[in-house]
Amino acid sequence: MDSLKLIGLRVPKMSPMVQMQVPLWLALILKKQARCKIVMPSWLEEEHLRQVYERETTVQDRFSDQLPWRWMELSQSLLAHASDDLKSPLAKVRSLLQDIREVRLAKARAGISELNESHVQMDNLGHMEINELRPFAILVMDQLRRITSLTEPEPDHDDDDYDNDDV
Amino acid sequence: MNDTTDIDDIINNLRDDDISNLHSGIEIQSSLDDSFQQTDLTDLKKAWLAERMSPDILAFQTSLIDRLMDRIRIQAAYIEENSMADFHNSGDIKMKLLIVESELERIKFLVRGYLRTRLSKIDKYTIYIIQSGENQQEGNADQFDLRLLLSPQEIQYMERHHRILLNLYNTQFLSALPAQLQRLDDSSGGISMVEEPDLDKPVFIRVLETVERPIRVGLDEITLEKGNIYVLRYSAISKYLIGGEVELI
Amino acid sequence: MYGDIANKLIQDAKLTQMLETLPLYQEELVRSIVREVRDLHRDTEAVLARYGGELPTQDRKVACWIFVQHLCMRRNKRCLLAYQRLRSTRLDAMAWNDVDTMDQEVLNNLNPNEQDYLRDYSELLVDYKGEWVDVDLTGSLEPPRDLFIDVRVLKDAGEIQTEYG
């Protein structure tokens, strides 16, 4: 296919047997039309995932930095639509991803006990994981903030807030 | 070209740990125009997310939105033209149309979400926004005129909506109340009737550029280092959001 | 007791939140609350007049009574506003969903002022949306998941679109 100008990028001319980088959504369209093979990222290989899993289980107080920011979303779409392009057996990859997810979830849950009204650091958590945590974390911090503002009012933050009284 | 099957090996740019978006590092013959396009899309995603996550209203991205709207119109015209063309001789054009249309839908979704998120904030904080302008005109220098953050269309929308809402309240009951109870921005009795954004709302951020000086969050000091993810009160980082050192996630 | 009618209005608002369509506008309740506020105001003014229009700070019993009267009035006003605010927000949502503002079914439970408001807001929305026709502001707020959604059929060339997939 000839090169094509889009809003966010120019798709280069595509020829058979030539590797190129395109955004995921585009790769998935081509894949669905059986017009390409997707070269899987190396972090989706069994060996790498096994390492990640080991790191996650040995290091208790941090999340492994060996996964990309959107690892859950990416692995989900790639496994769902391009599993035949995986370099490692699908079942292995899937179960490792599941294990990693669970061990990280357990860590995140444990970390919730450290929530305070001021700030919490959550380095290397994935975007999806943050979204799962968000409603609860915000609720807890909001409540703590309210309690704190009652006991030790800070001079420069004279909240809070009478707005829940009707309807 | 007709032979469109068996294109082999399309690489995704997934190797990199710091892929903040899927479009970074795409191999293209990089003319200035192209890299400009890419940044625009990244910026749109950032603006959309920031607007959804921040408790207050952010500055309208006038030039960014203008550029994207131009491109959206061009792509829509491309679809229109080529759908009319004689496509039977080419599978290529169908593929292209599919790609263009898919991308267009994705971008329209973002722009739409961006605009509607802003409208819902504008509706919620109308009186607060209008007052900020009035206070400023009265020479209150601390007060920033929040209307400066809105597009001309948004200002028009806000003022008109406020007018018809006020008219509704008045005709329903407000004008029948004693004179001193007829105001909407009444805060006597200790309870403000003006809804304000809660700037201390906790937000999730990711640090894009290290900030050398530690920042104060309540009683603590923290250092914002590139790659850090924090959840903390919005007011502590809002100026770094505007400066681009952090992004809301 | 003062404030009782306003409570009824708030109960109606609570109920409204759970309903899919707006229930009947509570014309009678709203009118009674307004009347109550005016009564409270009249009584308060009469007492104040006896003290030369100044709050009698030395007579704490009277001062307290006046204060409570004021609180009642303000509470009533807040309830009225909250009730109408909830309803107008719902009317806004109806306009976004592009309801027919001439449809009796739609207008049935609205009082005339609300009907006017709905029409005004719908017009406002048409104008604002007109600035953004290219992104279709009323389009879905769900992200496009299916790769083949929203394929428009352009004139007679219907065949193209279905051939995509």
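Going in written order, the chains are labelled A, B and C, and every chain counts its residues from 1.
Just so we're on the same page, a residue touches a chain if its C-beta (ideal position, glycine included) is under 8 Å from a C-beta of that chain, and two chains touch if they have at least 3 such contacts.
Keep in mind the model is a prediction, meaning the values are calculated, not measured.
Taking A-B and B-C together, the pair of chains sharing more C-beta contacts is A-B. At the centre of the protein atoms shown, by the Cα-centroid criterion, sits B. Distance between subunit A and subunit C, defined via averaged C-alpha coordinates, is recorded as 39 Å. If you average the Cα atoms of subunit A and of subunit B, the two centres end up 21 Å apart. Distance between chain centres (mean CA atoms), subunit B to subunit C: 27 Å.
Taken residue by residue, subunit A touches two or more other chains at 25, 29, whereas all remaining positions touch fewer. Residues of subunit B found to touch two or more other chains are 72, 98, 102, 106, 191. Shared contact sites, meaning residues of subunit C that touch two or more other chains, fall at 78, 147. Those residues of subunit B that touch subunit A in the shared complex are 1, 3-20, 22-23, 25-29, 34, 37-38, 40-41, 68, 71-72, 75, 92, 95-96, 98-100, 102-104, 106-107, 190-192, 195, 198, 200-202, 204, 217-220, 222, 227-233, 235-236, 249. Interface residues of subunit C facing subunit B in the complex, by the touch rule stated above, are 30, 33-34, 37-38, 41, 70-71, 73-74, 77-78, 80-81, 84, 88, 92, 111, 113-114, 116-117, 120-121, 124, 128, 131-132, 134-137, 139-141, 143-144, 147-151, 154-155, 157, 160-161, 163-164.
If you check the complex, the residues on subunit B that touch subunit C are 69, 72-73, 76, 79-80, 83-84, 87, 94, 97-98, 101-102, 105-106, 108-109, 111-113, 115-116, 119, 123, 153, 156-157, 160-161, 164-165, 167-169, 171-174, 176-178, 181, 184, 186, 188-189, 191, 193. Of all the residues in subunit A, the ones that touch subunit B in their complex are 1-2, 4, 6-12, 14-27, 29-31, 33-44, 65-70, 74, 78, 117-125, 127, 130, 134, 137-138, 141-142, 145, 148, 154, 157, 159, 161-163, 165.
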